[in-house]
Structures are given as C-alpha cells and as structure tokens.
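Pasting in a structure now, in structure tokens, and then I'll have a few things to ask.
In this document, chain identifiers A, B and C correspond to the written order of the chains, with residue numbering beginning at 1 in each.
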Amino acid sequence: MASATLAAAPARLPRAVPRWVWALPPVAVLGLVFLYPLALVVQQSVRPDTGGTSLKPYADVFASEAFREALVTTVWLALGSTVGCLVLGFALALVIAFVPFPGARAVSRFIDVFLSFPSFLITLALLFVYGAKGMANGIWTDATGAAEGPFQFLTTPWGVLLAEITYFTPFVLRPLLAAFSQLDTAQLEVASSLGAKPARIVRRVILPEALPALAAGGSLVLVMCLNEFGIVLFTGAKGVTTLPTLVYGKAILESDYPAACVVAVVNIAISVGLYGLYRVVSRRAGA
Amino acid sequence: MSGSGIRFDRVSVAYDGNTVLHALDLTVEPGEVMALLGPSGSGKTTALRAVAGFVRPASGRVFIGGTDVTGLPPHRRGIGMVVQQYALFPHLRVKDNVAFGLRAQKAAKAEIPGRVAEALEMTGMGAYAERYPRELSGGQQQRVAIARALAIRPGVLLLDEPLSALDAQLRSGMLAELARLHRELPDVSILYVTHDQVEALTLADRIAVMDRARLQDCGTPQELYRTPRTEFTASFVGNANLLPVTAGAGAALLGGAELKVDTGGVAPGATATLCVRPHLVGLGDGPNALTGRVSEVQWRGATHRLYVDVAGERIKADVRELRTPPGIGDQVTVHFAPEDAVLLTAAVSEGAAASRRAGVAADG
Amino acid sequence: MLVHSRGGRWAAWALFAVLFLPLFALPLLVILAASFSAHWSGAFPSGLTTGHYAAATRGESLQALTTSLVTAVTASLLALAAGTWAALAAASLKQGPRWSRFAGRVLDTLFVLPVAVPSVVVGLAVLVAFSEPPMLLNGTRWIVVLAHAVLVTAFAHQSVSAALARLDPAYEQAAASLGARPSYVLWKVKLPLLLPSLSAAAGLCFALSMGELSATMMLYPPDWTPLPVRIYAATDRGSTFTGAAVAVVLMAATLLVLLAVSRVRTRASYR
C-alpha cells in the first residue's frame, strides 16, 4: 500500500520563487544605503590622514581631553535623563491611570502629539522660559529689581538634562499607560479592601506589574538620550559637548573625518549594545 | 461538482520535534460526512490543516479525490474551508466575500454574479449581499462563510469547529442547516472537526475519535455509541460507567459479583473494563443486579442521576424521574441487561496508554 | 481607583498639574506666544505681531517648508515601501523551517538597526559613502532624502511588522483555501487589511522626517534647507522669534498631515 503510494507520481509543483528570494531586494537596498556606509565609517576610522591603516586615530581621539569629557558628559546626561524620565513618567502615569479625571484621555492624546514633534523645540521653548531674557528671569527681575535673574543654567548640562527629561518622559509614559490599562483593577480593589494604603498598593501591586514597561521604556530612552543631537545643538552651549555633537563638530566644522569616524564608532558601539539590551528586555517583557 | 474523497495515508505531523499527529490512516468516502472528534490537542485540527495544506506532514501522504496533494500549496487543492472565527474579509461586502474565490480562480466574469447569488440563496443570506461582515450577527457571518466556501463548488468541504463560536440555540439551528446543505449537495465530502459529541453524532456518517495525536476509533455513530472499542471512545462519545473487572467464562467479576456479559474473545482471568451506559442501568432487581449505597442524587428534570457505590466503584444510573428518590446512604439495587454491557480489554487501572494501544490495534 | 479620599485625589491632581503643565504644555504654548510677540524681556511677551509669520511664510522660509514637505513625503514613501517589503519578507521567512525563521529574525534585526545607530552617525556614514563617484550624491537634495529614508525605514518596518504579527492568519488561509495565489492574497487581502497600520506608519515616518535635524545638519546642500535647519539658523543668529514662528509652521504642517492620515486610517478601518 505504502509502496504503491510512493510509486504514484505526486502532484507537486515546484514553488515558482523560493521565499528567501523576496528578502533579497530590501536587504540589498539596506546594504547599499546603510550597512555599506557604516562599514565605510569603520574603515575610515582606521585610516589616518597620514595614510596607511593603523589604530592611531583611536589613540589620538582617546587621548584627547575633549573626547573624554564628551564621553563622560554623554553618559551621565543619558543616565540622569533616564532616571528622571522614569520617576516622572511613573508618577504621571499613576495619576492618569489610577486617579482618573475628566480630560485624562485628552492628556493621552496630547502625549501622542507631543511625541510627533522634534526634540529641539523643547530647547527652543526653554530659551523663552529660562533664557537670560526669558520668562522666569523676567519675573524675578520685575519682582526684585535685580539686573539679572538667577536662572542661568540653560547653557549648562543642567539645561540639556531638563530638556531631555521633558522630551523623553512621554516615551516612558506610553508603555506605562499601556501596561496599567491591562492591570486588573479588581486586584487594586481587593488590596484596598484588605486595608492596604495607596503607597503600599503602589509598591506591592502596581510597581511589580509596571517593571517590564519601565525597563523597556527606560532602556529606549537611554539609547535615545545617548544619540540626542538637536537638544544639545540648540542649547548653544559651548560647554556641553556630547558624542553626537562631537561627531558633527569633527566632521563638519573641523573636517577631521578619521576622528569623526572614531567617535562615531564608539557611539555606535555604546548605542547598539544598549539597544540590543533593550530588545532583549522588551521581548522578555512582552512589550 | 464531482465527488472526491479524502485519504490520509500514515500522515504524521510534528512541530519542533513534537508529534501532534501520529501516522493517521483514514479515508473519507466521496459524499461522506466524517467527523473528527476529540478533545483539544488531540490532533484533529492538525489533520484538517494537513488536508487544507497549512501544515506539511513530516511523513505520509494526503490524497484528495485520488490525487496526491501532499506537496501542493493550499490554493491549488480545490477545497472549501470554514473556520471557527469565520475569517470573513472585513473590507469586502458579503457578495464580494462570496465572489472572492471565483475571482481568485479567474472564473468567467459573467458567471460570477449568478454563482454568488446561488451560494447566498443556499445559505439563506440572499438579502444581505450588500452588507459588510461587521454588520452581521455571528450566525449570519457563519452562513456567509459557508456560502463563500461553497461558491467555488469544492469537492471537499473542511469545517473546523464551525459552530463553537455560536450560542447553544443558534448552534442547534445551524446543525439542522448543515444537515440540509449536505442533503442538497450529496456529492461533497465533508471533514468536520469538533470537540462536541452532539454535533458529531447528529451530523456525521462516520466519526473518527482522536486523542493524543492518534486515531482511537472510527465507525458510525451507532457503532461507537453502542459498542465502543476503547475506554476513551466510551467516555468521549456519550457517558459511560467504566468498571474494572476480571473476565470469566461468559461473565465478568466485579468485586465478588458475577455479571453476565458477552466476553467476546477476552481470555478468562484477564483484567478488562466493563462499559455500561448510565441510561441503560435500571433501579431495582433484575439481571446483573448490584447492591450498594447511594452516595449522591441529582435531579435533572426528566431524569434522576443516582450515584451508587458498589464494591468500591461508583456506578452512575440515569433513571426516569422518581416520585420518591432514595436518600443519600440508602441501600439500593441496580441492574443492567447483559446485552447492554460491552467488555473492553485492558483494565482501567492499567493506565490509559495501554488501552489506547489496544484501541489502535483494534482499529487497524 | 487608588486614592479614595477627596483630599487625596485633589492632592494627586494638583501634583499632576504642577508637573505636567509646566513641563509639557508650557513649552508649546511659549513657542506659540513667542511667535506672535515683538519683545519678550519681562515676565510675559509683549507687542502682538504677525510679522514673524510674514517672514516665516515667504522667501527662504517658504522654500524651507516646501523642501521639508517634499523631503518628508518622498522619504516616507520610500521608507514605507522598503519597510513593508522587508516586513512581509521577514514574516514569510518566519513561517518556514528553522534556518528560515532565523533568517527572518536577522532581517528584522537589520531593519531596526538604524534606530539604534545615532542619526548623526547615519548622516556621517551617508556623507562618507556618497561623496565619491560612482555614487556622488553629496551636494544634491537626494542625499538628504536618502538619509531621511534610511532613518525612518526602521520605524515603518517596525509598525508594519507589528501589524503583520497581529493580523489573524485565518484571513490568509481562508483566501488560500478559496484558491487565491499568494500574490492575489497579498494585494486583495493582506495589504487592504494592513492599510490602517500602513497609514499610521506613513504618518509616523512623515513626522519624524519633518523634525529630523541631526543627519540633515551633516548633509544639507545650500539649496535644500529643511525647516529644522532653518529654525536652527534663525535661533543661532539670535532671531528666536522668527525661529519660533517657523517652528509653529513646522508643527502645524506636521499636525495637519497627521490629521489627514488619521482620517484615512479611520475610513480604512471602518470599511
């Protein structure tokens, strides 16, 4: 019986095109416009102007004070912003989700709109609020008659920190709100019927549920802060240099391509590494 | 619409090394309604998907109308299929949903409206041609899904739990509809996957009982109900008392009691399972009488269900509603006719696997 | 409900207002206010004027607006095509055997990579690669469009991938069982069902491209200055009020297009 079956010619049609063939065009395009240019950057980073192939550009860049300062500034700004975004985002999401008020939906809508605007608008706005001639200093000088207001932090890293926290908090808010909307409110009611105080409910019930979303949102914000350029550029502070502005400065202002490529490679390594971590975390969180 | 049957020839399906269908041998004759009945995870849906071409067998071959379709992509198999959630295309009107298969197969343009109307009339949905699926109730969507599958005039219709998303009342109505459709289309072979024994018993010419990736039993509904070959069939198709007994000569021993049954080929002294349907157990003295204590009484309207503990076993008896039902703890006698009992080889206590092997052997 | 007492609720709302309004609403309001004012030397802006808009909607600024719109539309369409194609190819690969599923995941990873790479670096890379023949794009508008497309493709790919993963395979299978070839299923079932997600992805890509500054700063030729560069140039030379007006134009243009896209989306999903 079985042999008779095998003997009969099966009605098999060869697949016209195997499915991996369909993957080739997009990969080829991506390779041409993204992967190959990246490879060129890596290649240029080991080609000093003097010719040949060496790690001299790396040694030069690593030895420079400007690079080390930019690296430290970038990392601490990114870490500080991330922490700030997480704390602020968690607090705001708690209120939106669990202490509902009329207009909470409008707030969510506003956050979506906010996310579609470029980051540098925040710095531009902060110039009007905290700038040397801005609103806050204006109120102060009007009130005290002093010649100068006390808010002079905008051109320091603190200004960048404030702008980054403002701009990136919605990126934490959104996954958090999504996670909260899936939280069973019955859990909260049971907890509070058992006499748990709000603080305790937050710590014991809400926070554990929110951890995956916090982790995913936090790592995304960390990567985006490491790569942020517009906010730093608009601050116009010569004192604040991060890796992305250093790349810009070396390449465009100084035309020192090998150095720019070295900084770029370092920046890529940090960001891609963190982004890989983010993908792992968010996949584990099911986000 | 020529009749074309389905044949599984030792079809096995595995996902990541997990066998979900094990060497299925089964033939659906042209024009036959075959129900694949089993609990979830029994492999019944996988078998259907192997016919449709959505899973590729690890080994074995699938035939439709005598043609080996194992290597054919789904769209070349000429099947109609209706799934649990209907899968009507939400962006198309009812008539365009029904015409989809005809257009996809490049049927003559002039022919399409007539065939769409015909399919919609057959399912009683002619008045809804201009609606979108979301404007229809669940039962109506189901009818459209059936019309869509029938419009391409398939030789084989695959129904995957088609009624499970409907409520009980709609379900019995649709069961009658499906039976009528089958009478109107006597040449179409239907493979009907369900976990509901009522659907299978009502609709099928034959039932294939599946469990744990294997075919356990196959036969007409009457055969499976009256003379199940395995414990699994006995308990899944209808309700059953399954009592561990020792076979004797023309009798089975339950505890100390000797029960007259047809022992068939079971060797005396072997352990076996005695299957008696609860509604065939009578209250009071009679042949094969067993005395025990009532442990539970349930009133079910037309009947009373008594649970009687006899020799450490609990016997279920469905009797016509009693004026004065016994109380819990009362001593009662129950009985059953020798011809109402079936002796199954392999004891209850010996574990399910052994009895299943026996079932497959009996089937082959 | 987490806080039951009336006082507690008001306290929570007050805290929310104190945090939310100054941080998120104020910046946008301030830009709007500044764009209409002549001076801002005290607590509040003064001298209502539409003069900045007159400057922001003619000459170079008007040209910047059309530049931005053309760039964003072109880049979004390119990104949408590439991202959708890649997402479809990856999804199809993931239905195959083990090596094929692995290839599908690799494809997905490759296409999200541009998100992780800093956009300044993408700008630098494109600059390095396309500054020499045979692929000499440096100095043309195409290098800006290309960089934008690269940057937003990842987002298009991600949204389409997510939508594909959510798409019930029953539709595709029902279509196949009715005799529809894979290409017919793609055009008649999958793409129509994906239309809402595709338009959402298009809106996202458009918004991102409209606000793109970092790679653009590395690449823009003098005759192809998008709005963000224009805003930077204005603020850098001290005309912050003009900058604010151009920024409002940028925001308004983005919002209008997003609104139009979301209308398309609602229509598509209610058909």
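By our rule, contacts are C-beta pairs under 8 Å (C-beta built on N, C-alpha and C of every residue); 3 or more make two chains touch, one makes a residue touch a chain.
Computed from a predicted structure; not experimentally measured.
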>> Suppose chain centres are the mean of their C-alpha atoms. Which chain sits farthest from chain C?
In response: B
>> Looking at chain pairs B-C and A-C, which one is connected by more C-beta pairs in contact?
In response: A-C
>> Centroid of chain A to centroid of chain B, CA atoms only: how many Å?
In response: 55
> So how far apart, in whole Å, are chain B and chain C when each is placed at the average of its C-alpha atoms?
Replying inline: 54
>> Report the inter-centroid distance (CA atoms only) between chain A and chain C in whole Å.
In response: 15
> Can you list the chain B residues in contact with two or more other chains?
Replying inline: 73, 76
>> Going by the contact rule set out above, which residues of chain C touch chain A in the complex?
In response: 1-4, 8-9, 12-13, 15-16, 19-20, 23-28, 30-31, 33-34, 40-45, 82, 85-86, 88-90, 92-93, 96, 100, 103-104, 107, 109-122, 124-130, 146, 149-150, 153, 203-204, 207, 210-214, 217-218, 228, 231-232, 235-236, 240, 243-244, 247, 250-251, 254-255, 258
>> Going by the contact rule set out above, which residues of chain B touch chain C in the complex?
In response: 52-54, 73-81, 83, 85, 87, 89-91, 100-101, 104-105, 132, 145, 148-149, 152, 158
>> Help me check something: in the complex, which residues belonging to chain C touch chain B?
In response: 168, 170-171, 173-182, 184, 188-189, 192-193, 195, 268, 271
> Where on chain A is chain C touching in the complex?
Replying inline: 19-20, 22-23, 25-27, 29-30, 33-38, 40-41, 44, 88, 91-92, 94-96, 98-101, 107, 110-111, 113-114, 116-122, 124-129, 133-135, 138-139, 141-142, 165-166, 169-170, 185, 188, 192, 198, 201-202, 206, 223, 226-227, 229-230, 233-234, 236, 243-245, 247-248, 251-252, 257, 260-261, 264, 267-268, 271-272, 274-276, 279
